[in-house]
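Both complexes shown next keep chain A, but they swap its partner, so chain B is in the first and chain C is in the second.
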Partner chain A sequence: MSALISAPPTAQNGGHTLNGGAKRPSRLKGLQCRECGQTSEIAPKHVCEMCFGPLEVQYDYDVIAQTISREKIERGPRSIWRYQDLLPVEGTPQVDLGAGFTPLIKCNNLAKKLGIKSLYIKNDTANPTWSFKDRVVSTALSRAVEFGFDTAACASTGNLANSVSAHAARAGMKCYVFIPSDLEIGKIIGSLIYKPNLMAVKGNYDEVNRLCAEVADRTDWAFVNVNVRPFYSEGSKTLAYEVAEQLGWQAPDHVVIPIASGSMLTKIHKGFNELMKLGLIEQRDFRVSGAQAQGCSPVAQAFEDGHDFVKPVKPSTIAKSLAIGNPADGIYALDTMRSTGGNAAMVSDEEVVEGIKLLAETEGIFTETAGGVTIGVLKKLAESGKIKPDETTVAYITGIGLKTPEAIADHVGAPLQIAPNLASFEAALGRKL
Partner chain B sequence: MSVLVRIPTPLQKLVGDQAEVNVEAASLREAVQQLASQNEEFKTRLLDDSGELRRFVNVYVNEEDVRFLQKLDTPLKSGDEVSIVPAIAGGR
Partner chain C sequence: MKDRLRLTFEKDKVADPVVCQMAKQFDVTFSIRRANVETDAGWMDLELQGDDAEIERAIEWLENAGVQVSPAGGDVLAG
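== the complex of A and B ==
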């Protein structure tokens, strides 16, 4: 591990020392395979050696329960780090641009249009690099620094590339970012500005991902969504913690979440359940629904077909940030939606554009194509009665529209061209002032 | 028919700590069979109880995912490159 600054800590040596030398038990028990249950110590690895299943961080909730409280959280920083007791970072977070604690907005105009009573948008465009990725990256790279890595890397559909590049710059880490070469220009410039080594791969995201899995196997880099993935994905839980806190410490009835790999959906579900387990919110049922674009809908299709497996597809959609044809957490997302009584639905590219416009025109929020997918599906579920009118519903808007203007440029009309005088304005207005 | 197989880290110790192995095989199934000849565990790690590829293993022949080809029955020809890659990566 030549690129490491120091040897990776383990669950055994990662605990804190109390006054008098007694050791406080660690909140982190280790890693566990979601498939076969095999356990191993905390380390930068993501795949079970026995069955290739995904590894997940295991917490000691009895230890966490001794220190966590609503009051302690409320006294914390206005960022994801107010929930550090439930995140896999041991010391003071070292890689932080202030991700999280984004607005939860009550959306009466949109709710009225959709015929539902209580609708909220979690506006995660209000993050440092304008997408929810800042949550997972701050978590992953803070842990990576604790492991001793000095190089950050990722496979990305754009937003992650922006976030890793920015956080690496802030942390003084070297940075290698791999993207499909056909990404929107906003997402390319939104990475280049932070001066990473940006690799535009002639292939789709699944091909980029595969390349990164092979590169990660041969380098000592912290690939946030490969070898550091168990820590990275935990950052998405804060999307549940914040919503619960912002609703006055309660879970909503129904959440609608975009699906690419399926990781965020499963982690939001986990986040609400953790708060219930710790007694921070009341135990209750809530439903989780997922949104995909028709041109890349392996999970929604499996849901519709009643399958318990996800068949990979070759993506073709304007929602490039959701264009993962072989989603790593697809089956878990499927399980989550089914077990909570939720739904999955898909929308066409035209409906994606309509969704972007609908959110902007009714609530003043400009989202990217992924958000268009979410709003399109929200509309579909509301119209078909799958969101009940009296359910308190939260839709997650995870990225900003300014990064993907080409998706809607031909659908928003044009400004009226006028001369700099009153007569010209009045002519355009069609009446005298 | 000599085919190059790239082995991911978790499986390398089962094939003599090698990252790449050349095998003589006319299909992916035969290639797996050959790689398992050194250590039967290679097969149990890669295949599930029904003898199919585990769901968190991706195998590519040249650039193509074998799930889009003929899975384990995908034919191999001389010079083909097979990559075994853990599926868990990427994320939103």
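== the complex of A and C ==
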């Protein structure tokens, strides 16, 4: 086992054959519409032709069960690729910066503050471009290379842009990235450094969406969250696999997850369920709760209102990485939270800032606004008894604070200014040394 | 061109008449792919076909009629 990430093989390795060229029965059955059930071949497409429902990768779990085991996983690379048996990439992953295998940290200080007994933070700031997006992008682009794409693209409020730019550079792919022009500087530089074709679109989020949908329609690029979205979203399942493995091969009682499109939340749920189905962890109930910012809370609002559909909103929040007004997987996230007995909650921008500070001050982890949303909601759910004190709870912290310092710059005080002599320091200290 | 849209209605808007009126007033055709109308709100996914400018006008008209219009598959923009 090593953290070494080797260069991808230069020759395309489809990986379809095994031992003397015999074709291995495929783990991948095809794509299936989540709404009408229509099935089709594995291909770079994301909506059902019949009903516009989203397509999802279908696996043959009998085939997977024959090869997967805890031991095999534990011998694998210290990255998402130790779980490749459950990911939609067939050959050696071609686009790999070492995403995943991030720390799961027992957080006793924060737990005590919140009045719960057993709390863990999944610290997914510890990824190659400092957000969980590296999981989905490495998965999407590895698959895209297998499909034969030479260009990667996305439309993003920052984290996805950073991750696509970096992974495309690593893979030698051409890269087009669209961002709203009002993004935080850290997220702009965090893309530009990898030299993508970066388009800052002057317009509101609706206009950015419209333009990018048209571009995706008219190009033959791997738009990670459009035509290769079924493969992209599967990468988030690794957030469940890792937590289960890190907890000694078991699911927690309760998970708290931020929601933008709702994809990550539904896939973490799916990930734990797959491990149970395969007998890798014990069958048990667990609850899934979701976190949104008040300024963009279409899913949490629908949860509160008892609706089974999600009414799109115009986002206005400092949590730009969660500012997705018309979430593609919103209804599935709703379904997941309801069917598991979980909750959804929203927090104000002030609570987001408090959440960021609370996590940093109690546990030494500096998260971005999305993490502030998650901690704010975790606090709310704990204080209202919706997280029971004896539930083993995992909160997912999915992005780093250094990309969005402006969100908290006015809320962290300032250093004490002193002259370069002892007297000045002693004056600041309030005592003689 | 084709456009796949999600129309979302408040309780005071009844889905079908608005869509029919739109099709009468503009040179567009539509097919409803999925819909769900609850007592206090509802939505409908449809495909509009027609030329770009006419679709633009139809969408604008729907919005003025108090219907929320958004892309059917959800936002392309991600976090």
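Note that in this section the second predicted complex is superposed on the first by the 407 of 433 C-alpha atoms of A that agree within 3 Å, B and C clash if a C-alpha of one lies under 4 Å from a C-alpha of the other, contacts with A are read in each partner's own complex, and residues count from 1 in each chain.
Note that contacts are C-beta pairs under 8 Å (C-beta built on N, C-alpha and C of every residue); 3 or more make two chains touch, one makes a residue touch a chain.
These numbers were taken from a predicted model, which means no experiment stands behind them.
Partners chain B and chain C, once the complexes are superposed on chain A, run into each other and clash.
By the touch criterion defined above, A:207 lies against chain B but remains apart from chain C after alignment on the C-alpha atoms of chain A. When both complexes are overlaid on chain A, the residue A:343 reaches neither chain B nor chain C. After overlaying the two complexes on the shared chain, residue contacts for A:79 are found with neither chain B nor chain C. By the touch criterion stated above, A:307 is placed in contact with chain C alone, chain B being left untouched. Judged by the touch definition given at the top, the superposed model places A:233 against chain B, while chain C stays out of reach. By the touch criterion stated above, A:323 is placed in contact with chain C alone, chain B being left untouched.
Shared-chain residue A:158: touches chain C; no touch with chain B. With the contact threshold set out at the top, residues 35, 46-47, 50-54, 155, 157, 160, 205-206, 209-210, 212-213, 216, 223, 225-226, 260-261, 309, 311-312, 321-322, 324, 326-329 of chain A are in contact with chain B in one structure and with chain C in the other. Note for the complex: chain A touches chain B at residues 35, 46-54, 136, 155, 157, 160, 205-207, 209-210, 212-214, 216-217, 223, 225-226, 229, 232-233, 258-264, 309, 311-312, 314, 321-322, 324, 326-329, 331, 398.
Those residues of chain B whose C-beta lies close enough to touch chain A in the complex are 6, 8-10, 45, 54-58, 60, 63, 65, 67-68, 83, 85-92. Those residues of chain C that touch chain A in the shared complex are 4, 6, 8, 33-34, 36, 38, 41-43, 45, 47, 68, 70-79.
On the side of chain A, the complex with chain C involves touching residues 35, 46-47, 50-54, 133, 154-160, 180, 205-206, 208-210, 212-213, 216, 223, 225-226, 260-261, 307-309, 311-312, 320-330, 370.
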